[in-house]
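Two complexes follow with chain A in common, the first pairing it with chain B and the second with chain C.
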Partner chain A sequence: MKRFSIAGFGIAVVFGFIGVSFGEDLSPKDIMTKNFFVNRVKDSKSESAMTLINESGQKRERKSTGVSKLQKNGIDNMRLIKFISPADVKGTSNLMIEHSDGDDDIWIYLPALKKVRRLVSSNKGDSFVGSDFSYADVIGYKVQDFEHKITGSENVDGVDCYVIESFPVSDKVKQDNGLSKRKSWIRKDNFVIVKGENYDLSGQLYKVFKASDIQLVDKENNKWQAMTIEMTNVQVNHKTIVHFSNYKVNTGVDDGYFSQRNLERE
Partner chain B sequence: MPNSRLFKFCLGLIVIMFLSRVSFGEEARKDDDGLSRNLYSRLQDEGFTGFLRTDYFSSDKASSEKTDFLGLTAQIKILPRLSDKIDSRFEARAYNFDILHYNNDNSASELLEGLAIFRFENSDLSVGKQIITWGRADGVNPTDNLSPKNYTLLLPEEGDRKTGVTSLKYDYYFSPELTATFFYTPFFEPNKVPFAFPSFIQPSEKKPAYNIENSEAAFRVNKIGSDLDWSVSYFNGFDLTPEVRYLGTYGGKRLIEISNHRIQVFGADFAKNYGRYGFRGEAAYMLTEDMDGIYPYIKNPNLYGVIGGDRTFIETLNINLQFIGRYIFKYSDVEKIQNQAERSIYIKNATFSGELDEIQYSMSGRVDYKLFNETLDIETFGVWNFNRNDYFIRPIVRYAFTDSWKGTIGGEYYEGDENRTFFGFLKKNNTVFMELKYGF
Partner chain C sequence: MMRRYVENIVRFRIAVIILIAIVTILIGSRIKELKVEVDPDKNLPQSHPYVVAQNQIDKIFGGRNIVVIGVIPKEGDIFQPLVLEKIMRITQKLNEIPGAIKTNIFSIAARKAKDIKGTEEGMVVRRLMESVPQTKEGLDELRNKIYRNPLFINSIISKDGSAAQIIADFRFNKELKGYPDIEKRIKEIVSKEEDSSVGIHLNGPSIALSWLAAYSQKMGKLFLLAMVVIAIVLFMVFGTFQGMFLPLITAIISVLWGLGIMGLMHVPMDPFNAATPILILAIAAGHSIQILKRYYEEYAIIGDNKLAVIESTSRIGIVMITAGLIAAASFLSLLTFDTMSIRNFGIFTALGILSALIIEMTFIPALRAILRPPKNKEIKEGLIIAPLNMTLDKLSHLITNGRAKAVISVICIIAIVVAGGGYLLNVDNSLKSNFKKSTLLIKDDNIMNSHFGGTNSLNLFVEGGKPDDMKRPDVLKSIEGLQIFLENKFPEVGKTISFVDFIKKMNQAMHNDDPSFNTVPDSQDLIAQFLFVYSMSGDPGDFDSYVDYDYKKANILTFCKTDSTAFADKIIEAVNNYVEQNFPKDIKVTPAGSLAVSDALNHVMVHGKVRNILQIIGIVFVMGSVVLGSPLGGLFIILPLLISVIFNFGVMGYTGIALNIGTAAISAMAVGIGADYAIYYIYRLREEMGNHTDLLPAIVKTMKTSGKAINFVSISIALGYLMLPLSGFGLHIKLGTLVALAMIVSSFTAITALPALIVIFKPKFALKPILFK
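Moving on to the complex of A and B:
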């Protein structure tokens, strides 16, 4: 109970909760904070199939398994993603440890070289294993890294959504994420993002995000997860679709799972 | 089993697996009643993957005069889980690097890895033939002294060169971030290096026998996380790179002995990010059998270090630069050896061992540009030795036609004085290569 309280207080301090009111008059920051936490389950295990589709319709598919766990501060996740196909990427693994108060730690294990490499985590705009998702898309954008503004309400696929524009708070955040602006459509009923637009450093529309098959994965804690997510790079007309399956939450994953030991385990 | 028979057996096995996949395809794999489907999917459940590759090299890597090699390679890997507490890993390769002139000499089959990994609560014990890589620098790793490399292999990727060493490795995990590793083997295997000698030189190889006296041991403490990765290590074993000793003349020929000497290596490395830059460093202090620098056929003690960093520009253009330095203790100039026959041998030995100069400065660079969602990968790796102005450059272009089919084209270019520089010494290995690879 004490741990929970401390974690809760930490969240409040980091995201500036204290003093804001809840209900109808949510600030854009409150909405983005709720969005940030809506899929942050205690831990999760899933399988995913990532399909990359180029301009001419040619498809490539990568299958992986993923395990995540929320750290004790209740904010930062730990993630271990292991690729199981195709043959030339099988065994490649990514370990990501988020730090809301600093740069994240990201490592990649390359089975062909039998080597673990630390990646430069501030390059969050870099493509995640050749997909249209960036590392920032996978890890999640830190709420405090952006200034948020509500620009209206829109109905997306029959659901009322807040439309929020987010601007990097500093040039560093802008450069690190490779974005000048994000636009998010956040469902009013559960705060899940169903649509998004990312704008490149020159302000041009760069990528369009869509989420579907949104499921309540943890009823007790009101956690939701989109089972299909899609990112299209509109500048080159390349798309990545990720389908999650066997999504399980609160299975009791041990902290020790997120280790070099498991990163190297093929 | 003779090499050619084993090669054919392995190749046949892999072709059967390949055909079973093609014949029974995606549709058949949805069923659960066909034998072939079961065989393939069961193998997949056990982590089965494989490659068929055909390669062309315009020159070999053994410093010979031969040209034009068309090779065929089959490689399989399987990761059977023997129980909840025991994993295993097997990877084998069968290849013929000159199928147009097929014979026993140009065929080979090798077990790259074959080991069982016993999982305990806070430790792992790995027993068997295993590839172990130490060191955080890029491509040049002074602390990486455990598993041998085959520098004569006609395959294009750096990762293809290593083979396992039959050994015991024990990893103890103090925490998810901190690991202590103990390594032991009595089965030393040296690097295969591109030594080529003129007909008036008669070489003989003296490889350490497999016995307790020739044991190797190593210890490493490795830490990741908290914004800094580092390790310290100690190795007591044989130098992977062989050296040449002049024995005299017999029947008009110069007799030489190729052997590996014992060394001790104290090593350390680190990796740390500063903003958008990733920095890595690695250093090793090597003690040898010739601490006083008396014998020209044994390396002197030396300090060998690499430091550098990388940065990614425009999302997928990565540039990695490293500075490399080596200081030879008790240095003596082999050019001053009086006997002409001895001198010429020891100049070559010092060239290959990196002992021609007391202090050596080098630089390595890797430029890697990935395009079209990593479908096309253009990379160039090079090393330039400042002292004697010799260099090596290795451009390579990889293209993924599909998830399964990949093509590679590239080359290796060595330049420098043929008699007095390391890369000049390897000039005969200048080559253009191509590869078509099918993964399944």
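Moving on to the complex of A and C:
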């Protein structure tokens, strides 16, 4: 037993060294690039429950099923979300074709109106479907838009992480995202972000991100997805928690699925 | 016994003075422990419906501490990059104030100000102004966006575009402690933006209350001025420095003790009692002057300082203790009130009176025994005595020469005529009406009211029985109807906002901007889905000011051009009637917001103060009856106090001074003063009945002695408090003049009506001689 633990210690030391030297080979930009792609699966199907919690602790819950597919550029997604609850919005669905270079295309179907309507709203820095996540938080920040620095490593929930600070390269990026700085805790083992901090234009802490229950969803392509993500706007004490369940990847969903016609189908 | 006691005080005078000085320092130092409770809400019974609604609204929506900021360009309209940039910067900076309720900040640059526009394909929801447009096209587009949504007109932009408004809302915290803090933080922001191109105007309930705080601080200086004037008048009536200082020393030490003991007992003080020291001052000085006057009389006869002190204090001491205990007991009876401020008023005044008794029976005789006796010429009395003597002589003459009935008739007629004013008395409280028209606050108020919906806020708290009630078409249509009713019925209401405005706008947008769809949809699911879409297209906090998270409660913001509580009464009654007739029965609508809360506070305080007045009169009557062994005696004692209350309310009615928190508190003070006069007068008369066998000479003598002392008190205090109106602040003007009026009326009644009635009825309690050995 004792020998075993000493052996284990030895192994840990060896791997530790490898880990460090491995880490030093990676530039912060490399790390952020790996992070950018780590959850970018070819397609996915999942159920999700989004809970919004306001300052006084009141909650709003929305349950939905979602299907997503990566577009040909490997960056932007197409998503179709159908809401199951609350009951009075059941059947409301939402089709989103992301365009990282411009306004996304969003269509919504309201069963009570029996019409598909196009919805144009928001900027990248703004709220994603009324949550505390911004569009960029969900879609991912473009690596080249920021200058990244490793400021150290920290242990988060028992896992070693790089701590990386990212600064917008231009004023435009800064204004578009409404951020002066991001701080990310990226797991050294799989490059998943487990904690993040966003700072607003005046340099004040604005939002805090947390991820947990991180699962390897695509072994072949080494894709990981956190099953619970949480974003808190610390300035207004508003919080959004999203739980994913039945997360499946590479289901072979067809491009045609992401059509306005499909929105109306119950 | 009394005599031996006073002899001992005089014998151990140095020790007594040192002891009292030490006690004063010890008790006085406890003033620092006195907690000043500045939260007016603490006076609101927490069960008052408006207060319950306000507490809920506060928690869910905010809306209590509104500030409105007007940005008005000197030339042209607001659609100039320079002006828009200012609005943008102010809006951003307001967000950074600790305690700012970010989701309630509303301006054309606010995050939540969104343009909802219908297109053929669907709907566009965008921030009105994300960045300031620099081109003419951009500016025109902004103008279109703003004016196509009626929600913004009169709320964040004036009808003609000549002015923009920024609405902010705050919750207090450690860094933002009160209204002056709010004003200071906002001024720091706007002062950087105000220049030759734009005028910036501040208003709203928070700013008005900050002004009130600033004016209340001036009160300290005014009190000092009043003290100086009182000292001068005392010098003029007594003609000596002793006469000037001793009553003031008694009064000041009494106030110090009262405050110190409150600190010691951890009884909090509140701003409504800021004027209470006046009452203590008047009562303490009243006792002191009676004794001092008596001392001068005795000294003139005896010619020995110490003997004169012993003689005067032992003779009048018992009267003072009787009068003081009656007054203290009546004020302590206010402890039965559930309104904190009235309890404080009772405790503070009672402590002040008891302190005055102790000081008058220890410190003052000891001190006077040390001071040099007055010189002969000083006893001839002060400057303004000659006309006073003449008047008093004439009065005595009238009363004692068969004109007593005429005197009473005249007083009755005057009292009845004045009492008629009581019918004209109206209950109204308008903080802003206290400020002069030339003040910046009122100028800004007028400017902003002429451009926008109004600077005063009333919230209507709509409450359903279960979640999602605020999605019901019948509820939404009722809310819409109420908004239209208020905006059309009351010219004072300049703007109402509710989430129904958004639903209507979305319904229109989803139907290709067809104006005929600017209505509440008939389907609850559709309303739910519109709300859902809006929530998905905006920030999570966009609706936080208007509807709660589970759609059970909503908030109708109503902006009014007046802060009068009489108006609040009127509009609240109209709202209640409307709701009764038009709303579904399971939906409750309760007024809240600054206007409703000040209305509730006003009613509670006025009602409480009127009860307070009646209770004090009642207790003084009972105790007076017991002490004099006659209910008629009790009636005689409360007479000056009744007449001064009648005058107080009557004059307020005729002059249009409304009954409100401030004036009701002043009226309650008026009842504290009169009883002492009557007691001193009656006891002196009984003493003189021992010297004169006949009533009429006894009356004449009493008038010359006790009657004169009563006049000294009232003239000095009244003139002192007539200095307060110099500040120009409405509340100070009323305080100064009404206190002066109460002093004059109660003292005048004590020296006219009282002796006249005694002459007419010759009641036994007043004629029974008191004999001193």
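Note that the second predicted complex is superposed on the first by the 200 of 266 C-alpha atoms of A that agree within 3 Å, B and C clash if a C-alpha of one lies under 4 Å from a C-alpha of the other, contacts with A are read in each partner's own complex, and residues count from 1 in each chain.
What we mean here is this: contacts are C-beta pairs under 8 Å (C-beta built on N, C-alpha and C of every residue); 3 or more make two chains touch, one makes a residue touch a chain.
Since the model is a prediction, treat every value here as computed from it, not as a measurement.
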{"item": "Contacts of A:R265 with chain B and chain C, given as first, second, both or neither", "value": "first"}
{"item": "Which superposed partner A:H238 touches (first chain B, second chain C, both, neither)", "value": "both"}
{"item": "Partner chain in contact with A:D255 - chain B first, chain C second, else both or neither", "value": "first"}
{"item": "Contacts of A:D103 with chain B and chain C, given as first, second, both or neither", "value": "first"}
{"item": "First, second, both or neither for A:D126, with chain B first and chain C second", "value": "both"}
{"item": "Touching partner for A:T92 - first (chain B), second (chain C), both, neither", "value": "second"}
{"item": "Touched partner set for A:Q71, first chain B, second chain C, both or neither", "value": "neither"}
{"item": "Contacts of A:E61 with chain B and chain C, given as first, second, both or neither", "value": "first"}
{"item": "Where chain A meets both chain C and chain B, residue numbers", "value": "52, 54, 58, 60, 86, 88, 107, 110, 112-113, 115-123, 126-127, 129-132, 175, 238, 240"}
{"item": "Complex interface listing, chain C residues touching chain A", "value": "59-60, 96, 102-103, 119, 121-127, 130-131, 468, 471, 510, 521, 523-526, 528-530, 532-533, 535-541, 544, 548-550"}
{"item": "Contact footprint of chain A on chain B as seen in their complex", "value": "47, 49-51, 79, 87, 89, 124, 131-133, 136, 157-160, 162, 171, 173, 175-177, 179, 222, 224-225, 227, 229, 271-273, 275-278, 310-312, 315-316, 370, 372-375, 400, 402-404, 406, 437, 439-440"}
{"item": "Chain A residues within the chain C interface of the complex", "value": "52, 54, 56, 58-60, 83, 86, 88-89, 92, 94, 107-108, 110-113, 115-123, 126-127, 129-132, 175, 202, 204, 233, 235-236, 238, 240"}
{"item": "In the complex, chain A residues that touch chain B", "value": "52, 54, 58, 60-62, 85-88, 90, 97, 102-103, 105, 107, 110, 112-123, 125-127, 129-132, 175-176, 178, 238, 240, 255-261, 265-266"}
